[in-house]
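Same chain, two partners: chain A is paired with chain B first, then with chain C.
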Partner chain A sequence: MEGLLQVPFLTALLAGAVTAGIPLLLAGLGEQMSEKAGVLNVGIEGMMLGGAYAGFLTAISSGSIWLGFLAGACGGALVAVPMVILCVQRGLNQIVIGIGLTLGLEGLTAILHHVQFSRTYPRLARVETLPIPLLSDIPILGPALFDRHPFVYLAFLLVPALAILYRGTNFGLWLRAAGDRPAALDVTGIDVIATRTVAVIFTGLMAGLGGAFLANVGAGIFVPFMTHGDGFIGVVLAMLARGRAASVLAGAMIFGGCLSLTTAFQIAGVNVPTDVIQMLPFATVMVVLIVFGRQASLPVALGLPYVRGER
Partner chain B sequence: MPADTLMAKPHARPQPLAAPLVALRGIGKRFANVVANESIDLELRAGEVHVLLGENGAGKSTLVALLSGLLQPDAGQIIVDGSPMRILSPGAALALGIGTVFQHVMLSPALTVAENLLLGQGWWRRPARAALDQAVGAIARDFGLNVDLDAVTGELSLGEQQQVEIIRGLLRQTRLLIFDESTSMLTPQGIEELGALMRRLVERGLAIVFITHKLDEARRFGDRITVLRLGRKVGEISSERLEALDDASAHQEIVSLMFETIKATGEAVVGKERKRVAMSGKPLLELRDITVTGQSGSTGIEAISLSVWPGEVLGIAGIDGNGQKLIAEAIAGQRRLDSGKITFGGIAIDNLDVGARRKLGIRYLTDDRLSEGSVAAFAVSANLLLKEIGKEPFWSRGFTRTAVIDVHANAQVKEFDVRTPSIRTPIGKLSGGNIQKALLARELFGDARLVIFSKPTYGLDYNNIVTSRRRIAEVGARGIAVILISTDLEEILALSDRIAVMSRGRIAGILENTGDARLAVGGLMVGGALEHG
Partner chain C sequence: MKWNTLSAGLSATALVLALVGSAHAKDVKSIAILTPEQGTDFGWNQQGIDAAKAAGEKAGIKVVVAEGLGYGDVRPTMRELAKDGATLLIAHASGYNTAAPEIAAETGVAVAIVDTPKGLKAGSVADYTLSGHEGAYLAGRLAAKMSKSGTVGIVVSGEPPSWNSQSAGFAQGVKAEKADAKVLYAVIGPAAYADAAGGKRVTEAVIAAGADIIFGQGNGSSFGMLEAVETAKAANKVMFIDVIGDKSKIDKGNLLSSVVWNMVPVYSAMIADLKSDTYGTKSYKISLADDSVRLLKTPQIADDVWKQIMALRDDVISGKIKVEPVFEAAQVRALMSSVTEPPK
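Coming up: the complex of A and B.
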């Protein structure tokens, strides 16, 4: 136990929190845009899996991690397309379609894995990091935050970028109006369906990137069901974040920390059954929901399809 | 306010008829089992205020939806500038220069007023706040706007939201501007301002469609009147004819077009003999010094004291948004008091919840019929019993007794003349006025001892205003205490025994409704309003 508060433990914990938190961050940010616009996107778990598979396959066969990310984003967006067509355009139930997409992608990626990788289990090499001069020398924080693959920095930069988009542009207003009272947006001549479509595709892109990061950087390998509910945690994060990108970041790091405790405990040589530790993030979800659940303020039209002229 | 805004329209009226800017030819629109519009021909010309009249459910708003791109016609053509056009979206309507001020305010409650007004701009831009301030300022000079641009829209009263909706219509570059019952929540002064403004706009070459239920507005502000009935056009009164008729015969002609069978009495008001309430007895309701803080910037109420006796109709007059709604909500139990005391029938009810107060006989008919008053997706029959759920005889031991509920619903629908395809139709699909009738029916049901009406006849047509007012008068006559909140001074004067005037969250005065009350009340209202500016 005495190893717990020492530098190697804390460094591993923090570094692990970031590694585990990045997919949550991306999923949460993506989901946030959908929810703002009034689409509850529980297909996001499937979008992450799609991104993880496509990203890994591309990275392993091209040898380029960046091509892998690109493919991951495209994979996630591809899974978002049926969500757009069925829920945004046709007005079908968002939860039903979302769960369907998640289950479908779980099956599909498991089969593809079985056919393609299950004999060889190919692995990607550990990614190169880009240490940031000076900052990366800070003890504990340095290695965890500032000696990472450039993708990590980009992911963090997304937070202020989205905050500016939401607060400082008309598109941010459109998103809120689409989720609050879509008819009010429609009558100003802005297409509600198009706005929601952009939001859902963005969710797909972000979820796909998150999945690709999970496979290519976090694990270096693709295995079935590897997202382990990260997408659903992203849904919870978005719901609790009250529309603020920074809150998604905070939440993602807390949950990422829970996930990384597993590895950190092993490094510190603490013997806790892994089952218990793996339960931790979900227990945290429940605690967080009990404590903060009341504060969630969801868009009024969340989950409701918009049909022009309907009363 | 500049003096000219109060002036009536000038007498000399324009030139030979121009080609219509927009024309409708044989327009038809039906919903599942309702024919909302059928073979309607209409010509809208630049330089004319074209009034659409028609009873509740006549199809006026449907026609508006077709013109503003929210709905597509099933039959007929819309001709713009001489060529047939399909207006496939609200964006397309705006691009053609057709702007609409909707009957049910189309603003996003979560956004601020400014944000709502800024919605329709390029996506990447910063919301252009400075330009908006300037543009709104320019309009506010013509049409008073007493709304803070930074207020959250959902926290404004419906009257204030209606002002914002009007401002939005005026902000756009339009050639045809449609006002769907835009005067329904305005004060008398606001109505005059809007009338004068419409006149200036048509003089500038706009075409205007103006929908109202108030015949005097139609006559004073309109150049041409078209009457719809059950989805069909039943008559048009040309501007020459309108000019030639005197007030009484114009009124007679319109009313007979609208209702055919009904005789025009020339007065939308039930004659009511005012009684002196025996104020010697114990009052039924007593508010003593109650104070409620308004939410984020909206007016709260302060030190309100008033009493209501059984059988009395107490009118609460005042410009919308001066705290009237808060009084109603405080009495109904929807708001906590910051201080003060409410007693009802001798007991303190400050700590009772809404349900307990309802049980005591307190009823509140909200003006916000769409979001607060009804559950749009529920059937009419369910909405009629929304506040009785789980109670005998409609529910028994947890089971729903559909047969009893249906009998009740059918009787209520009949008695209150709610025009609905069936009692199973979701209430949200009815026209605005018919929703209002259903809510009125619900609140008057059962053992009411005090009924608070908030703008009870807003959005009702002439015929229904008469019957609703009669009903309110009857409620009072039955010994029930009535609080009547309205921005319509005529209504207050017609029905009340005493009148309280609200201004900036306080009671500016309480008067007996005697012969000279009109001036006194008006003075108190405007006095408050002047201080306001």
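Coming up: the complex of A and C.
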């Protein structure tokens, strides 16, 4: 086991788990707000792709990874606009529009990649990190968790920030009401459509950020279809989290950790078919679904359009 | 009189048979190739499209390219291409292996599929399970010669037979050159062909485990592997050996070599078989002998090392060194090392 317990190897595995988990965390947190407000946002995969493309294009053009994140957030929000118009305002089927958005963005970003990057495949340099004094010196944990790009710390800080928003503010209450009792919210004079619009745009922002992180930090490059189902995993995480931001964080890190474990098992030469090893992240999600699925409390009006006065 | 009648009858029969025979031989006017990603990936998709175009030009026939189709259902596209008059549909992805034979049965248009040697059907379905195992063997010998750490890595985005045989060939080459070298092996994920972030993450782990040369097999994901190699914080400079295509144009100094495939002879043979009515009776191969598989020389390879590799190439071609293809994933894994093995 000596080789497996080498510090650089364990550090790389843990760092890989965090890097793989951050896009899922951001997508899951975004989806959570949307679902709280009653909108099942299946288009999140497309929003991530939009963010990944816009984020990478901006980062490679400007040389600034921060501008890349900003552009990624805007790109994701832009993809969320049709969801707002068609589902929140016009009341069309959220699943159909969400899938349509995802397929559309897969095609669009593939074409844009073909036109702009496919002859040169530009790649970003290694991102600079911001080591946190003392903590970054802890063996294995330090470099993996506390010697990261500042965006990683901000992503983690979003978790308590959103928890406070949901539990301690009026807006958090409105979100829940928009998902559970939209008519009751309407009666109090709060605009249900506006509340859901804010939630869906926020989902786009977060998914776009997740996509930008995936392209700019996770891969250092943009390639077509690169989200590889991360958005859909984000939807599952949001559903399992029962409205708690901290649970989304836990789910994202478990999934990222399982991905790293699959690599560790293979490199360690564990004598099990690779297919079985690679089932681990997905099997873990299924186990969590079975164990906690019954306790999942989804908003009553999830997926249903709101029409004032309609029963 | 009787003899004359018989002779005339036989001649007429021979003429009819000849005419019927010539009517069976296909008049190949156009072929189509379908690829999951764009033909600009410096790899599987690009080599396939470029080869189809070259083979078509050589044979004087039209080539229709349907690229970037993804890994989903390609049946509608195949039906459309068949309706437009394509004589042959080259389904250039293992993910199309179920759909393509169905379309062949439905439309009567011949199809070519990959990684399914048992899927042959005369006149209808041919297989081209290409294996660059001989080239990968040479790449393994090269990697073992140039590795400073004595550990090399193989990162793949899936385990199709073609890549399994190359992984195995590479591992055999490494061990033949340096018996105590470690060969670490990791698959990114199930069909993670476009998972660039996964490619980078897994490659970083393999590098952290000590590998200083990565043999990478992936489509879009190979760019993530390359990024990991270029940005590695390792003691030794990490190098990358690619497969199928030539990424020299976009190299930043870490590309050591590539096992380059030339599929022109394969597609040319398919067109010839269609014309001669022998299509679907055999699988197609590539090899070092006809240069349809070759190892890429880059500035990173010293001339004396290259000379040694070329001598080994001659030995493989002459049969002095035998490199058998290994297509089964379990057999491939058996050839690999574990990071937990103590140094020999």
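In this text, the second predicted complex is superposed on the first by the 287 of 311 C-alpha atoms of A that agree within 3 Å, B and C clash if a C-alpha of one lies under 4 Å from a C-alpha of the other, contacts with A are read in each partner's own complex, and residues count from 1 in each chain.
As a convention for this text, a contact is a pair of C-beta atoms (placed from the backbone, for glycine too) under 8 Å apart; a residue touches a chain by one contact, two chains touch by 3 or more.
For clarity, every value in this text was computed on a predicted model and none was experimentally measured.
S.K.: Looking only at chain A, is it chain B or chain C that touches more of its residues?
M.R.: C
S.K.: Thinking of the overlay built on chain A, is A:V39 touched by chain B (first), by chain C (second), by both, or by neither?
M.R.: So A:V39 meets neither chain B nor chain C here.
S.K.: Touching A:F171, do we find chain B (first), chain C (second), both, or neither?
M.R.: The answer is first: A:F171 touches chain B but not chain C.
S.K.: Classify the contacts of A:P299 with the two partner chains as first (chain B alone), second (chain C alone), both, or neither.
M.R.: first
S.K.: Of the two partner chains, chain B (first) and chain C (second), which one does A:L26 touch, if any: first, second, both, or neither?
M.R.: It touches nothing on chain B or chain C.
S.K.: One more residue to check, A:L185. First (chain B), second (chain C), both or neither?
M.R.: first
S.K.: A:R308 contacts which: chain B (first), chain C (second), both, neither?
M.R.: In the superposition, A:R308 touches chain B alone.
S.K.: Does the superposition put A:S118 against chain B (first), chain C (second), both, or neither?
M.R.: second
S.K.: So in the complex, the part of chain A that touches chain C is made up of which residues?
M.R.: Per the touch definition, chain A meets chain C at residues 1-4, 6, 8-9, 11-13, 15-16, 19-20, 23, 106, 110-111, 113-114, 118-121, 123-126, 214-215, 218-226, 228, 259-260, 262-264, 266-269, 271, 273-275, 278.
S.K.: Quick check: in the complex, which residue numbers of chain A touch chain B?
M.R.: Within the complex, chain A contacts chain B at residues 168-171, 173-174, 176-177, 180-181, 183-191, 299-300, 308-309, 311.
S.K.: For a test of understanding, state which residues of chain B touch chain A in their complex under the given definition.
M.R.: Touch residues, chain B against chain A: 65, 68, 70-71, 89-91, 93-95, 100, 102, 106-111, 115-116, 118-127, 376, 428-429.
S.K.: Which part of chain C faces chain A closely enough to touch in the complex?
M.R.: 37-38, 40-42, 68, 70, 159, 184-187, 189-190, 192, 194-202, 204-210, 220-221, 223-224, 226-227, 230-231, 233, 250, 252, 329-330, 333, 336-342
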